[in-house]
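Look at the two complexes coming up: chain A is in both, with chain B in one and chain C in the other.
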Partner chain A sequence: MGLTNSIELRELWETRRSVVLLGLFALVLCVDLLARLAGVEVGLTDSYSFGGALSLTRFGGLLWNGIVIGLIIGLAGIGLSMTYSILSFANFSHGDLLTTGAFGGWAATYIVAAVGTIELGSLLVVRAAGSVSPADIGANIVQTPFAILVGIVVAAAVTIAVALVIDRLVYKPMRDRGGIALLIASIGVALALRYIIQFIFGSRNRGVTDTTGVRVELVGISVNLHQLTLVVAAIVLMIAMHLMLQRTKLGKAMRAMADNKDLALVTGIPTERVVRATWVIGGGLAGVAGYFVVLDRGVIGFNLGWFLLLLIFAAVILGGIGSIYGAIAGGLVIGITYNVVLIWIPSDFNEAAAFALMILVLLYRPDGIFKGVTTA
Partner chain B sequence: MSADTQLADDPLLAVHSLDAGYGDLQILTDVDLTVDVGEYVTVVGPNGAGKSTVMKSVFGLTSYMGGTIVFNGEEIHGLPPEEIIHKGISYVPQNDNIFTSLTVRENLEMGAYILDETPTERIEEQFDRFPILRERQRQRAGTMSGGQRQMVAMARALMLDPDLLLLDEPSAGLAPDLVDDMFDRIDRINDDGTSILMVEQNAKEALRRCDRGYVLAQGENRYVDDGETLLADEAVRQQFLGG
Partner chain C sequence: MTDDVDADKTAPSVTEAVRAATADISQPVRDVGLIVGVLFGVYALFAVFVFNQGLNSVVSTLRVVTFFIAVYAMLALALNLQWGYTGLFNIGVAGFMAVGVYTMGILAGDPAGSPPGLGLPLPFAIVAGMAAAAFVGLLTALPALRLRADYLAIVTLGISEIIRLTLNSGALNSWLIETVGIGTGAGSGMGLPSFSARGLFYVDGSTANQTALAEVVFAVTGPLGIRESVVIAWAYVFVLIVFVVGFYVLLARIGNSPFGRVLKSIREDELVASSLGKHTQLFKIKVFMLGCALMGLAGILWQGSQGFVSPNSFMPIVTFYVFVALIIGGSGSNTGSVVGAIVFVGLLFEGPRRAGGALSDALAFTANPNTSWEALTLVVSGEPLALFAYATDNISALQFVLLGVVLIVLMQKRPEGLLGHRNETAAAVPLTEQTRSIRGGESDEQ
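After this line comes the complex of A and B, so read on.
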């Protein structure tokens, strides 16, 4: 009995060495995490120790932040994944669509929240010159819920409009070119969009939200109402997205076109209309995601989407590019990793950890988590 | 002149001295072809003869270079496929002819996309025609066998109840015991009143089944006759049917 076991173990070691090592590493991390939660610490050297002290609250907080950022990334990733599968190119300007939505939406929120009390100019450019403070405007979910709601809708609308104009001007004339030509064009679009935004709204990163009264106790847990708002809204949007794709004629046509463009054409599916719908949905979700990034962080800047783009790509690729469910799952995995690794490594490196996890997943599932399970 | 008399006199599809190809490359030269109302016509010929190109040209998928294509008394050459499908022609490509990630039923719904509402009775008609598809309607089409996929592809194309069905090598890739079954089904579609223009590599079987056949070589018509005559023709047998 013992003999066969050791032979089996040895075989396992020789054939799947990397998996075993990886499993051991994961096991060590899990044990370490449990030890930390239990407050057990075993000193290894002067500066390193196994276990430590980690309060359940802090761990829960990291996990929750991970889910929040993961849902934002997932929401943004849906659009990226859809443009990839329906228009056949990796859209590098997708991040800047987030920025577009963020500025468009917050300008609207500011105007609704403080028009009449504060000069319109500084509201419209989301306090570019910094003359008024967020507290003067008082934009938050407690004091001005309606302004936030308007902001979300305007963020989507502005981004949809911008995405459709860009498609008409840039991508439509290039529709039959290869994915590489479109990808490079999209990098140009990303730069143009970003610097137009910088020209209008300025280059300063600045605080936007007023956080007075936003953190409340709900059933004994301290909750940030801004995060709660965006989590609920993101989940509602994702469910709506699912129903649209599975139940409606347009949604089915989008899946059909993502599946097989040539056949969609000979079937009589109006492909240009499907492309426009893709921009409407993908752009709208990107705009809302951009608005939510600011709602979560409280800070806006012309670079916010660009800096998020790599994480969005990582999520989409991890989930299986082309699948919206993959984008959501990938977003959550990346977002949670991004935050939970802070237990072990400093925050300068957490992005690297997210990418390392993506590479690991791709080594064992080269097409991503959801590829071959569900398309579009 | 009323539309009825025109239909009675003229063929459903009339291709006259058609030149067509891909980009700048001309494949077809001076091709003539007709399909009468209710007729079952096949195009056979060696690999690279331009058989599929004829069919794609009718459906607007090639570069039009000259000649005329008249369908139901209306010139359709130079029109894009999304307009041609509205005229009453449906096309089943040879490869990748189903939406693999959609369910069988969704594939059929897509077939009727251009109609304002999905006609459930048409879906039922296709299920009556291909009963296995009724059983498998919730299954993803990509998980089905070769023969069943071909049924999904045909059912999808028949959802618009077309006047003319274009079939590109329907027996390609099918297991030999399924080929006969497939040809039987095509016979029945034709018996139900749908005219058929089919390209086939399985020339002998295709000519045996059809009303009339065209032998195409190097992008030009070589022989036209009813199927049995072509099968019996010594020159056709020698050159194109392997003796």
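After this line comes the complex of A and C, so read on.
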């Protein structure tokens, strides 16, 4: 028994050396985390030690922030994963769809929240210039829940419209072209879209939400109601997405196209309609995700989506391109990694760590960490 | 092993290539003519923008334009080697430039400066910068070149961002200064030994003590009202142009060599190349490293002339600029890379800014809207010029929109660019020789 075990271990070591090393590394980190939580510290050298002190509150806070950003990334990743598998290209303009949704949705929220009291010019361009402060408008989930709801819907609607127009103008004439041609075109779309947004809404990064009364005590824990709202909304959207894919004919058609496009064509699935549905769902979710980014951070800027793009790619690749559940799980992994690594490394490097994770997955598990679960 | 065979072949083909070059003189002449023609077209355009500000201003503007043309031409040529010749879709150009520039800066930096450097001689630092860029290229290439093109794109973009974030890190900078005694300067950037052609004009850097060259040149430019500083800056641009020519010749040489033919065959169909016994991975790694080294050199020559560098100079947008230049010119064509750089800098990069400035000076707008909404309301209330005023104020945004639209239209209508017809001679022997004896060198080989 012991002999076969050691042979198996050796085989594992020889065939999957990198995976074994990575696994060991992860194990060490886990043990270190547990040691830190337990407050155990073993000095190794003067400046390095194993374990340490980490309060449960700080760890919980990091984990929660990770889940919040992870759900946003997952939501955005669904669309990217779907377009990647159904249209077979890496869409570099996906991040800017988030920005579109953020500005469209928050303009709507501002108008619903403060039309009549504040002049329309400041509201429509989301405080691009002028002296109106976020507190004057007072847009938050406590004072103006209806405005937030309208904002979410408008964010989705605007982004869907923009995504469909872009598909009609740019990608439709290029359907038969290779992935790289489409990828380059999507970089063009990303630039054009981002700077049209900058032209309309200005280049300033500015505060948007009014955070008075947003942080409350719920059963003894301090909770940010904005984060709670977006977590609940994101989970609802993800469940709706799951039901749509599993229960409806359209969902079945989309899964079929993602799995095997030629076979789908042969069976008579109307591909153009599926492509349109992909943009509607992917664009809508991206727009909502962009709106949520601002709800979480309270700050809006024309670069917001572009800076998130690589993290969204990381999530999609981690979960396996084409897999929607993978995108959600990948988003959570990336979001949690992004925050929890702060225990070990300075905050300058958490983004780099997420990218490094993505590169490692691309190199060693190009089908994603849940290899085999490709269907939608 | 395959390399040895290739190396044997290259020896006689040097003479062949020379003969080919002299036999078919019309093609290079046509290429140079094209480049010079497009360049002067762009010059004429810029001269129009600033001609009313005097000759010094015109010459100075053209210097800025030529400077950017030269650096983008170098970068486009380096990318052409990777993408145009070999089909390696590298969108991490900015990152490899950063490695070259920062290595050079750290090695040649003043040990007493902030951040401290090592104070090594500049030529050594430049070569080491290129070597470092090539080494990072190797680290990228070893695992990543197995990947599909779109995965390679994401990996290279990720690596370029990791490099930029690392250089931007304040924690790393202070750790480096404490433990090794050198630093990156983090977000506040680092000073570089400034590259300039001053040494050609002034002895020991004193303006009173001019060299013989300076006396001749300044005797011509002085009466024309061109400042000495502008002349010296132009001299550096000429150095850059020499490097562009060097890049071009190197690439043309590679492209016509057996090594280059393998690269092109990898681009067209890697399976065929490897079936014919070529170790395609090795070829790809070599060419990736060489391209990265050239990108590092181009970065060094660019940033070095400013005497300062910060991680913000290496945003992914720089990579996309290089791609646009290459795609305009035509990926796969060296002449196209240079022409693309000229067109890109002239019409998309510097042009719109200057045009916006000239327009806003000429029209002297009265309205000054702060937001797009204000501009729109002013238009509705009967001031149509307000929209123009807003557009010229925000010309940089519109410039990026134009860039994006050009990229889309090119990919839709003309993905091969202006000159990217892949109609390359695949033989080392000049194919024109026989026809020449009959018809005197006329050939429709491109």
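Here is the rule we use: the second predicted complex is superposed on the first by the 323 of 376 C-alpha atoms of A that agree within 3 Å, B and C clash if a C-alpha of one lies under 4 Å from a C-alpha of the other, contacts with A are read in each partner's own complex, and residues count from 1 in each chain.
One rule holds for everything that comes next: a contact is a pair of C-beta atoms (placed from the backbone, for glycine too) under 8 Å apart; a residue touches a chain by one contact, two chains touch by 3 or more.
These numbers were taken from a predicted model, which means no experiment stands behind them.
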item	value
Of chain C and chain B, partner touching more chain A residues	C
Which of chain B and chain C A:255 touches, first, second, both or neither	first
Which superposed partner A:128 touches (first chain B, second chain C, both, neither)	second
Chain B versus chain C as contact partner of A:359, first or second or both or neither	second
Touched partner set for A:27, first chain B, second chain C, both or neither	neither
Partner chain(s) touched by A:270 [first = chain B, second = chain C, both, neither]	first
Residues of chain A that lie at the interface with chain B and also at the interface with chain C	none
Parts of chain B lying in touch with chain A, wherever the complex brings them together	59, 61, 81-82, 85-86, 91, 93, 96-102, 106, 109-111, 113-114, 118, 156, 160
Of chain C, residues touching chain A in the complex	89, 143-144, 147, 149-151, 153-155, 157-159, 161-162, 165-166, 168-172, 320, 323, 327, 370-374, 377, 394, 397-401, 403-408, 411-412, 415
Interfacial residue positions of chain A with respect to chain C in the complex	89-90, 120-121, 124-125, 128-130, 170, 173-174, 177, 179-185, 187-196, 198-203, 310, 313-314, 317, 346, 348-349, 351-352, 355-356, 358-359, 362-363, 366
Residues of chain A defined as touching chain B within the complex	249, 252-253, 255-256, 258-260, 262-271, 374-376
